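Sharing a structure below in structure tokens format, with a few things to ask.
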Amino acid sequence: MIRFDTDYMAGAHPAVLEEIIKNNRVQTPGYGHDAFCEQARKLIREACGTPDAQVFFMVGGTQTNATVLDGLLPRIGGVIAVESGHINVHEAGAIEFCGHKVITLPSHQGKMCPKELRAYLQDFYADDTWPYMTVPSAVYISFPTENGTIYTLQELKDLHSIAREYGIPLYIDGARLGFGLAASRDVTLPLLAANCDAFYIGGTKMGALFGEAVVCVNPSLLPAFESLMKAHGSILAKGRLLGIQFARLFTDNLYMEIGKHGVDLAMKLRNVLESRGFHTFIDSPSNQQFFILPNCVIDRISPFVSFEYWGPRGENESKVRFVTSWETTAEDILALDAFIRADG
Amino acid sequence: MIRFDTDYMAGAHPAVLEEIIKNNRVQTPGYGHDAFCEQARKLIREACGTPDAQVFFMVGGTQTNATVLDGLLPRIGGVIAVESGHINVHEAGAIEFCGHKVITLPSHQGKMCPKELRAYLQDFYADDTWPYMTVPSAVYISFPTENGTIYTLQELKDLHSIAREYGIPLYIDGARLGFGLAASRDVTLPLLAANCDAFYIGGTKMGALFGEAVVCVNPSLLPAFESLMKAHGSILAKGRLLGIQFARLFTDNLYMEIGKHGVDLAMKLRNVLESRGFHTFIDSPSNQQFFILPNCVIDRISPFVSFEYWGPRGENESKVRFVTSWETTAEDILALDAFIRADG
Amino acid sequence: MIRFDTDYMAGAHPAVLEEIIKNNRVQTPGYGHDAFCEQARKLIREACGTPDAQVFFMVGGTQTNATVLDGLLPRIGGVIAVESGHINVHEAGAIEFCGHKVITLPSHQGKMCPKELRAYLQDFYADDTWPYMTVPSAVYISFPTENGTIYTLQELKDLHSIAREYGIPLYIDGARLGFGLAASRDVTLPLLAANCDAFYIGGTKMGALFGEAVVCVNPSLLPAFESLMKAHGSILAKGRLLGIQFARLFTDNLYMEIGKHGVDLAMKLRNVLESRGFHTFIDSPSNQQFFILPNCVIDRISPFVSFEYWGPRGENESKVRFVTSWETTAEDILALDAFIRADG
Amino acid sequence: MIRFDTDYMAGAHPAVLEEIIKNNRVQTPGYGHDAFCEQARKLIREACGTPDAQVFFMVGGTQTNATVLDGLLPRIGGVIAVESGHINVHEAGAIEFCGHKVITLPSHQGKMCPKELRAYLQDFYADDTWPYMTVPSAVYISFPTENGTIYTLQELKDLHSIAREYGIPLYIDGARLGFGLAASRDVTLPLLAANCDAFYIGGTKMGALFGEAVVCVNPSLLPAFESLMKAHGSILAKGRLLGIQFARLFTDNLYMEIGKHGVDLAMKLRNVLESRGFHTFIDSPSNQQFFILPNCVIDRISPFVSFEYWGPRGENESKVRFVTSWETTAEDILALDAFIRADG
């Protein structure tokens, strides 16, 4: 079985696992107060070009989004996201669990439109009763989005500029950040960091066993954040495990290489499917590829290839998602092609 | 100044106030454990035809919605409402503050479409990942809606039937219930009670100084509710004040008469405006009337008549809302007509 | 039946009720944005000698404590109170419902000892793991306390000074503030305001139908508080009712006179009981009096006099509480004396 | 440096790490829906003798306590714990963050006294105002306690019986469960499971990289728990990692052997210190040992041996804690002895 279901089906990238093994017997203090975490923080600050940023490590994405947004938002402030945003759909109401409304704007293949953001904020404050409505107190976007699309540098600048105008932070969910950066023509890690207030560098989907690194570019935005993390159950006792992994990911450019590897193979996969006459329903430049396939093809290749079903499209076709990762190989793509061709 | 801004601009209906005055020196236990509250509960149960219902009194609408929904919903369950629903717009995120997501469906002039409700629930459970999404655990509608519209009996039956099918309660926000019942051709208080699981009978907008009466038709749905009310800060120390007011409102048919009075005058107001050539932008049969007026008319009558501005409509016209109440008189409508006519 | 159960058994002081009646038909905007509230805020600021204070009106005490503390505290900050503090015992966990731990110190007849407060704070920060414990972020005391006792001016100064040293606000629950001020030898309303960061002036127990007035001495401590109040369900639609009542209470010294009346009669009551040979188990100078009575006396007078049972004291005696209010008369005390004497 | 600071200073027990390495490339579905987790659940059910129990895996202890208690408790129910309980002290208010009060009873060297539990519950319901107080809705104890002490089987039976009588669950925090079982004379894993409603088997402190296994003996107590876990951010994307580790820990008796190893060495450590004339200040039979040491001894051995400082004891002595783990060796104890002896 060749698997394209998602990018977190196996364990860790071998280089990351090797570091965990190598340091297994090293004894350190807990809760992230160890030399591995310190080293990882230093490497991340350097890679982002943000010497003053605060860096925090957490275990998973939902936990990270909920904890960071709970820290960024005032007690009852809401966060603006597009309808397809992960926090609005697939986190079981974790944001609302913490008391915060997710205010939704339309999703444009996963992206938020700067003009719509500005219009929303203008209309909100034009209504005299706004103190009795949920005050929009942060902006959440994903890079890449849940649809694999990515913002241009200009779009990031526009969103950030609008957020600043209204005095609210722009927070970026980077669960697949490495794949997004590899797919972008103009956004680099330092440029991303320069155009938002806080973001997280996803590890779980990028070759770590688990782990996400929050970069709070403006260090005053998350005061007393360690206590908040503890109350959220978001501090790992053996925090060193997060430090070890991120230190490795940010050594020898590994994080970016994993991103590039995934995107390269996603493009190969796309070429293979397009050359066999199939079409995408979302134009994604990153490691998620969204295709319309005839149901007969799906039925035929399913015993050999796995991918995610996204719903019907008419009577005879379906929408499916293929995801590549650090594990995907050129041979996997060739094999996929072979299974597809067998149709002819 | 003749005021049509809203229905809670003055104090209490004289008959209600009189009861408060009359009983001012009567000493009773606190927290709603008094004979006035007991009498009011009895009268409400009788009026609703629900001898087993639990009846709770609270002070205001947002408080009532938040406390009741927090009681009806499981810890992280969400509540389905239309986009224009009061809990989704004008309660400052009070539902999310309690940990619950408001899941939105389209608003059809304030109403929820039973077919869309069914489709949403079907699609939700058709997605295998539903346990990681917010589980829809109650349905919220308003009667009348925030747009003055009202559900037919068949629509209520359909919504209730779908909710039951999915094992979740239907809760009705009756902030202006009396006006809705007066405007309805087929929904009576007992029929409303028979076609939902819980609702509240609004007092604040219906002639009380303040107060809302929650009717929990299925008494098992809100166990230990007094403790939850206390934790929400929703129990009035001198609960007798709520008992006194609701006992009076449900004596001699006063509640229904206030509703009828408001709706009759709203229809008169509508006739006046339509006869002068103006059009509604929402077709409301209850005490809120929604008109498009030329800006020049608005400017001219505003020194004498107050109403609520709902936004522009093109360059020369605006949307406005007129609301009648127990205070509105036939003379007020005639005076409005005079101010309008002066235009000719 | 002569009632000494508590101070909120009847409606409103006649002078307060008269104002409500007089202004019943005046139409105003809602939510506290009316001239009555503006006037009440002005009178309260003057009475407190705090021209810059923010003044907010809410309906009840539990609601007020929960909303204000949720505003004063950071997201997960805790509040220090004595074990017998109202927020720790009789508010059904309303503070924890909002996410905040109540950290308890010993109760000295209801009072917090400044030395114990300092010691707690010193010990807390002496423990290196404090960021993983609940950070004490506000101090809550009651004036008078739940045991009727009152802090001296020096004690208030000491508590305030310690709180300031640690950068946390001192908040005073003034549910019975007027009785506390009347009982104090050195604390006046301006001195109380000068020695805390926020407090509330109780109305419900001081002759209002309902209502509490929050005075936020340092106006920067509760930003965007109206939105938080709305989310807590703490804003009264017809806010004018709170303005009308507090404007009257703070006209012609009525609030202080009600306080003095209650305390004078409490002292008379105390004299009567002590002259009959009974003893207090708490030495309270305010309107709550705590006596030990033989069970046979209790049984004999209970058909004629009501008061609160506070538990057994040995086999033949019980602890009871007598409370006076604006309603209590000199005749009530004489009648109590007569019932007691009948024992002899 | 020989380290006795705590039991989570290094990575994983070699046998556990080996399984992670071996299965690194196996691809599985996420969120705990994989064969490793299924196998671990089966092994745990067998070891506990609870074929119907639900087993859930989470990452850390604070997360586990907060998520499970939020699931066990009604919306605003409180949980009874002793003052020294981990949830009351060292979880940054994580329980209150979820809306629940921690109600405290005295700590007897970390243990709850069954008689005091019963007395508390009796007194609570003897007070008529209990619906306005926090309703005790679960009992939390630790096995072993934060002071290393352990409950006898009879004590567990008594606590469970009282909890059942009041219809509330008994939940056991088993962060160091293996050490507690190894230290107990009469409590085995099946007997522990038979005498509570839910508990967790700690992994983080027992040789796993991380991870805790919740055993819900009564499977009806945590309905829809996966959604609650997701909302708490408590579901690990690569849940397989938890399954792999617990499957190994519950194969070939490894979990119990790690427990026995730690306790054996703790007893050796105790003998060494006692034979040198030092005394314990808590009598702990498990892997935490609490000694009073002269400050001069502490100063002298600190460059070579690390342990935890628990505060001063008079002028010349201090309280310290030594902890053993799967890593501790007999050589470590001999070396400690050598450093101590060098004093003579």
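Read from first to last, the chains carry the letters A, B, C and D; within each, the first residue is number 1.
By definition in this document, a contact is a pair of C-beta atoms (placed from the backbone, for glycine too) under 8 Å apart; a residue touches a chain by one contact, two chains touch by 3 or more.
Predicted, not measured: the structure shown is a model, and the values here were computed from it.
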Moving step by step between touching chains, how few steps can get you from chain A to chain D? 1
Per the definition at the top, count C-beta pairs in contact and tell me whether B-C or B-D has more. B-C
Mean-CA-position distance for chain D and chain C (Å): 42
Calculate how many whole Å lie between the centre of chain A and the centre of chain B, each centre taken as the average of the chain's C-alpha atoms. 42
When centres are defined as mean Cα positions, the distance from chain B to chain C in whole Å is 34
Here the gap between chain B and chain D, centre to centre from mean Cα coordinates and rounded to Å, is 51
Name the residues of chain C that each touch 2 or more other chains. 76, 91-93, 97, 99, 131-132, 135, 227-228, 230-231, 235
Contacts from chain D onto chain B in the complex sit at residues 31, 70-71, 74-76, 99, 131-132, 135, 224, 226-228, 230-231, 235
If we count contacts the way the header does, which residues on chain C are in touch with chain B in the complex? 1, 3, 5-6, 8-12, 14, 17, 20-21, 23-30, 59-64, 66-67, 91-94, 97, 204-205, 209-210, 227-228, 230-238, 240-241, 327
Partner chain C, residues of chain D touching it in the complex: 76, 78, 89-93, 96-102, 129, 131-135
